Amino acid sequence: MRETLRPIDPKDVRFFSGQSHPILAEAIAGYLNIPLSSTHFTRFSNDNLYIQLGASVRGRIVFIVQSLTPPVSDHIIELLMMLDIARGAGAHEIHAIIPYFSYARSDKKDAPRISITARLIADLLQTAGATHLMTMTLHSPQVHGFFSIPTDPLTARHLFVRYLADQGVDRQRTVVVAPDVGRAKPAARFAAQLGVQVAAAYKDRISDKNVKFNEPLLERQVQGYTRAIIYDDEIATGTTVVELCSLLVKFGIRDVIAICTHGLFTEQALDNITVIPELSQIITTDTVPIPPEKQTGKLRILSVAPVFGEAILRNYNRQSIGDLFSFS
Amino acid sequence: MRETLRPIDPKDVRFFSGQSHPILAEAIAGYLNIPLSSTHFTRFSNDNLYIQLGASVRGRIVFIVQSLTPPVSDHIIELLMMLDIARGAGAHEIHAIIPYFSYARSDKKDAPRISITARLIADLLQTAGATHLMTMTLHSPQVHGFFSIPTDPLTARHLFVRYLADQGVDRQRTVVVAPDVGRAKPAARFAAQLGVQVAAAYKDRISDKNVKFNEPLLERQVQGYTRAIIYDDEIATGTTVVELCSLLVKFGIRDVIAICTHGLFTEQALDNITVIPELSQIITTDTVPIPPEKQTGKLRILSVAPVFGEAILRNYNRQSIGDLFSFS
Amino acid sequence: MRETLRPIDPKDVRFFSGQSHPILAEAIAGYLNIPLSSTHFTRFSNDNLYIQLGASVRGRIVFIVQSLTPPVSDHIIELLMMLDIARGAGAHEIHAIIPYFSYARSDKKDAPRISITARLIADLLQTAGATHLMTMTLHSPQVHGFFSIPTDPLTARHLFVRYLADQGVDRQRTVVVAPDVGRAKPAARFAAQLGVQVAAAYKDRISDKNVKFNEPLLERQVQGYTRAIIYDDEIATGTTVVELCSLLVKFGIRDVIAICTHGLFTEQALDNITVIPELSQIITTDTVPIPPEKQTGKLRILSVAPVFGEAILRNYNRQSIGDLFSFS
Amino acid sequence: MRETLRPIDPKDVRFFSGQSHPILAEAIAGYLNIPLSSTHFTRFSNDNLYIQLGASVRGRIVFIVQSLTPPVSDHIIELLMMLDIARGAGAHEIHAIIPYFSYARSDKKDAPRISITARLIADLLQTAGATHLMTMTLHSPQVHGFFSIPTDPLTARHLFVRYLADQGVDRQRTVVVAPDVGRAKPAARFAAQLGVQVAAAYKDRISDKNVKFNEPLLERQVQGYTRAIIYDDEIATGTTVVELCSLLVKFGIRDVIAICTHGLFTEQALDNITVIPELSQIITTDTVPIPPEKQTGKLRILSVAPVFGEAILRNYNRQSIGDLFSFS
Amino acid sequence: MRETLRPIDPKDVRFFSGQSHPILAEAIAGYLNIPLSSTHFTRFSNDNLYIQLGASVRGRIVFIVQSLTPPVSDHIIELLMMLDIARGAGAHEIHAIIPYFSYARSDKKDAPRISITARLIADLLQTAGATHLMTMTLHSPQVHGFFSIPTDPLTARHLFVRYLADQGVDRQRTVVVAPDVGRAKPAARFAAQLGVQVAAAYKDRISDKNVKFNEPLLERQVQGYTRAIIYDDEIATGTTVVELCSLLVKFGIRDVIAICTHGLFTEQALDNITVIPELSQIITTDTVPIPPEKQTGKLRILSVAPVFGEAILRNYNRQSIGDLFSFS
Amino acid sequence: MRETLRPIDPKDVRFFSGQSHPILAEAIAGYLNIPLSSTHFTRFSNDNLYIQLGASVRGRIVFIVQSLTPPVSDHIIELLMMLDIARGAGAHEIHAIIPYFSYARSDKKDAPRISITARLIADLLQTAGATHLMTMTLHSPQVHGFFSIPTDPLTARHLFVRYLADQGVDRQRTVVVAPDVGRAKPAARFAAQLGVQVAAAYKDRISDKNVKFNEPLLERQVQGYTRAIIYDDEIATGTTVVELCSLLVKFGIRDVIAICTHGLFTEQALDNITVIPELSQIITTDTVPIPPEKQTGKLRILSVAPVFGEAILRNYNRQSIGDLFSFS
């Protein structure tokens, strides 16, 4: 039985947003029924950032919402400065809310003399003053271990399951497809929750924008199915989805749904995906803002504000939030 | 063109072994043509460990070899104490050589209120004084990012490839099988190097000792092949191998080779695997010591001493060792 | 005048026990009238520990009780993992309650290239997340200074004094004997509280299990007394007590009581001590669990649960606990 | 008498450049007669940076040259990643060479809830792995104290003095003018070295781009002089120089030279300054790259490569470099 | 509109004073209506300090007031020990209240191989356990950035402005004079608040006790005024004031007021200043205690106790204290 | 067989002395045949210390000799500043040579709310930049564990033994007396090396300057002997020695020698001891400077310069120095 949660006392907290995604920050604050405090952002003529928090943080629980969307470097420096301000001004707790942690993808050394940047950023956030972190759908679950401060890796999976369940899923004819075998585990978890079978493409990355699939192995796995749900953490250029759709169709799939938590949709991504006739829906969340002019008829955006809001509320109430986690 | 490497000057270094695997330590020291210094180990009557390094380390480059084999806790504390001694006695550099880093498997939080113990151990090693670390075949490549000190994740893959290539591989009829989709990436890398196809089982872990495979998905992937190479990082009880073999045989495989870097082979593991008629070879390395009485006729043990020795030698010569890494 | 202490609100705290001494943990929790939360312990087949705390710790004051009893290494790793879990899961405060801190005996470098392991363990506990520590009867008071976090070194001396005072002490004929001059200070403090004279044996440690006393010096100090109270911090094999008793009897003592805070009593220790005819009582505490089958008629076990309970309660009430300390 | 300096052995060092100012990096490397190693920079489609150092750094002395020019955030993240790579790959020493440290200007809290970003960046550089830092003409000398690692604050003053001395300075009629009283100290040091008088404008900053001077106070200080040398650390939009020139002319100055170490010259700055008839020269350095198309006839660029080169060379030779410092 | 502040609950806090300035500590405690707890200070015969705090600090908010007055080293060690005691005894927060932070003057490296001691002391305070710091009128605002813990740099400027405003200021004939151009910024801020003009002397420091002014430049700035207010952070020997007065009188000033926050007044300072006929008032604060026998008729001492008291009270109430800062 | 030691290359090192004991620093430098570099010490009029090292330390091995003699606080701050300078100026290694570490006596908490100052000072030394420490005759061997950096606790015991052995010791009639049972262990080690019996006084400290001995227990231990050697780490006021001598004479001792490593001899200590007719010699070392005018005919000062010199030389040669340690 769930305990009743005490609403957040606005006097205890200060809620700020970086410039990356103020709309989501507003939505989370709205869920919690607390005001979003203003922040003043400007830039000196030498391109230095100048930031001033608009409300006293002394002794308060401070939340700073910032997605690492492009321009990523600016948004990181902005976040680090906001954390630093809160610490220097005597905040009691400093929670970094990072709905989209872009560098989670740089999580290993698969070439000599490169940076495991996800770990670096984790260390920088701590240096700047973060005492707790909330994020969503990390590229790999091990990234959690890069953080030295308590970290809550939330998931949007439940949102997708609920949304599809409401539509009804044809369990016999549907297969969930991980666009890369490295994402097979979360795809399998999603498929199990939906009650359908899973498959995984083996992707050889030629470059950041060019990939090549192991076709025979994919064909073996999807043959006999007619509906596919591509399930990924992030879609940027959309190349993978487009390529994968074409193969799936070649192997007999007649209806495709593409799902991703982080909808970057750079350049012509949405157009390129939308134009595929067999693709009926693109389901994503609002961890990354998508301008109205980019939104197409096939796009569905589920808000993660209630997930972050609920996590914050329970944390404030010292309740477990494990069932909002990826593993749950 | 490879540069000539200067041999290690024995006056510069001190090479020690914990109690976990002195034979491997001897072999690495032998490869480097330097002596293994003695260490005195004892235990007080209250079960406290007491360790004394047998040679002065002041201003020297110190290497301490310790695999995290059972009893794991004792071997960790032993290693931490040896690192602490070296630091307190003024060593110049302290290299922890951990051929088998058992806790690499505890690399994520897939249940609430558990420990990402691989990260914890990484932090403890640094606290105790390690300034550099070498290890082999981490369960996931992200574990590399848990370490704050320079870390070299070596691989035994080249040893396996060379060994099998010497035997000859029937490329049309052979498939490499990852016993879990989480291990599909390294299996694919291994398969590519061998020039054969890859497949991955989807394992649902019921408990530490009980697993259940997604049979239809496995069947789709391996049908048509007659030879399988199971490729894993570690075999402990052998349950997974036994179970997987039985399915592979059921799906048409007539010859199985099992490969793992870390051959724990607890309890009756080797007997249980050896007894499978279709299994022709078990190939492993000596990161974990295997007592002669456990060794069976089907077991091949390839030594990693040259890999660690070469890595140490190149590091001493300030040369890159990237081609000994997992990603290479 | 003592202030009234507010009982602990069970919603504020979480109380856990490692596997070393759950009975004592239960007793302390009982004193505080709060529940002991469950913890799940298991071991993977590669001997890795796996631990899951059984109750949410987010924002709570967490207590973890663990004595460093054999197998010491396992109990240390277990404790470090539990601390790490609490920290990673967002506990507000993390108190390590270590009734028996075995490595306190490794508190100095009396040989080259050994570890001051007590300091090492202190650092490891902090690395793993402990924010406060309570322990009892450290081998030397300086060990307190090894800890960077607030540490409360409690004493069981008052328990022993009260127990003996209830029996009545013949002050003229009784002498307190420190089995080693390094323990003379606490013995003198104990003797002063009892109102009797003190003496100290000079022990030359031949090995961990073999000691030799300076007989003439001991004889000079105890001659004329007929009752002796051997007062030590810890008894493990009992060799010292047996040897010392035999000398004391030779020098005229006719009745001996042996007291120690930490009753390890390894192997045949209790049998070997009990069999001494002149020894009438062995008084110890429950910082180390003593299985019922080892307990003999001469053994008295005084519980330290009220001491730890009282210290925790006062700490919760922000009251001084100095009068529970060794120096008081 | 100056000791002879041993040239740098190219085998000992690795010299890299970020993307901010490769020409200056080349020039410094050229001064030292060592090669500039290549670095691979790219950007993932989600805007994440990806960097690979082009030469092994294991055990080497690594230099990374990066000016914090626009886009500043990208150049900071780039630098942090390069430091992180060097550390993770086992570099022996890691020197961050930052000719233009833009955030030095954010050196105090002159409004509530802002960041002393210069200190933040100093901490981030250390977190990322820098072990030593060289920079030039910090906005205030106290910024030196923000760094926890050894830091060498070099000066370009000697370059300017030598350049002007070669032209000849009319000491009776010339006054050095600090455009803000906060820069009066370095202006006075420069004036003393030139042998002329100094003056300081009192600037009230209305906004980043709008300033207002205390005119009577300026007039009192410059009246009677006919030549002025405006001496500043950095010129960005040029507004200050333009405004100040106009006042100086009004107060009787007929010839103006503008000097700054860091020539940002954003937007139309150079055009706006050049167009002033009484302004005869703009003297700056190459800490910030100035594209040829922006360079005007009145602009003189003095290279700081010999200053950084000399400092690096002396540091390599363990010689003092104090006479290259601001205070010298 | 100012919120009502809740008075400090004496049970929450412990307020201590070092030996430097107990009278000010009493005054601040008095402002807050809380008791000053006793502290026992003594010195062992080997000159080691021995300090015992006189009230339990467990779980409390602890304030320790100590000005860094002569003997400065003793007062620093005393403060560090008091911080260490509070931390070791489990204080919840530890606020170092340092009205006079003498080493703020050692804020830069203006000679080779000297210490930026202000940064060193900042680090030592953190090492010893301070979690927050309050101080007043730092020599330069950048010193704020030396602290890694939240720091509040208060100002006494408002006290001086209010005091002079009550007397009435002749705005046409009065000029504020900074005795060194490095102090021109705060002098300008003070002058602006008073509504008068500002000037700055250019001081060449020959030695700690001997200075030489740039006379022509000073004359240009002050000519025409008849009243001067010398405005400095600290007066020690008074040499600067005496010298400057003599010049000002020479240049036409007929009435001088000397103001400083930190009135060290070593040796004959007060006598030497007082004896100047044109000097009518010396206005300072009580950040440094001035013994009654040193006080002369021209001296006015304004208490900073209300400033520190107000800052502490607002901090306790989680209110902003920015308007008590130097920049406000 | 001892290896030949390479003499120190003066180009590698810089040797400095604080103001506490330049004569000893000279002697150590002399032993090593390297020059003592000059250091400039002065004091600002506000009592702030100002220190400038007189030789470049960049990339060098730096030694700083400072005994913590009165005025202790000044000497600590001086040492911390010198360490800080060396670190900030890029020294390669920084060795703090502290012949007399006065605060070693503050090594435990034997009263509530006091500081374990020895640990605090250890932490401060590390914060300021020390990378290695050498000291002599710590009050208790556990203090070694307070340091996080490599620390060499040297002993003067061998000097005393050799000196007395040269005189000849009457083994049957001589007893070594520890003036406090807490010093019995080192006294026993000394006695064993001399081949004589040991005894220990039980001292109740009434105050820093007043002590009371347990007379009967002392009498028991020394009766029958006629010569006593009082063996202590430090003599300050000499009260203990005077008091103890009087008791020893009362119990039959006719000839007393007093030995201490650290001869503070404050106030009239030397006079008070010298005047005792039965006391024939006071043997000490030069860890603390003793002005010639204080030296009496009974005083023998053995220099520790060769001990420190030898330790430094061996450390430079990467040789073990364990046989110079207290435990050897």
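For clarity, chains are labelled A, B, C, D, E and F in written order, and residue numbers in each chain start from 1.
Just so it is clear, a contact is a pair of C-beta atoms (placed from the backbone, for glycine too) under 8 Å apart; a residue touches a chain by one contact, two chains touch by 3 or more.
Because the structure is predicted, anything quoted here is derived from the model rather than measured.
The pairing of subunit E with subunit F is characterised as same-residue: of all residue numbers used at this interface, over half are used by both copies. Subunit D has its Cα centroid 62 Å from the Cα centroid of subunit C. Mean C-alpha position of subunit B lies 50 Å from that of subunit D.
Multi-chain contact residues, meaning those touching two or more other chains, occur in subunit C at positions 56, 88-89, 109, 111-113, 116, 320, 322.
If you check each pair of chains against the touch rule, the ones that pass are A-B, A-C, A-D, A-E, B-C, B-D, B-F, C-E, C-F, D-E, D-F, E-F. Residue ranges on subunit D touching subunit A, taken from their complex, read 42, 44-57, 69-74, 76-78, 80-82, 84-85, 88-89, 102-103, 105-106, 109, 111-117, 120, 123-124, 127-128, 208-209, 234, 236-237, 264, 266-267.
Contact residues of subunit B toward subunit F in the complex are 56, 58-60, 87-90. Against subunit A, the residues of subunit B that register as touching in their complex are 107-113, 116, 118-119, 140-146, 153, 181-182, 184-185, 188, 197-200, 202, 214, 216-217, 220-221, 223, 320, 322, 325, 327. Looking at the complex, you find that subunit A touches subunit C at residues 132, 150-151, 314-315, 318-322.
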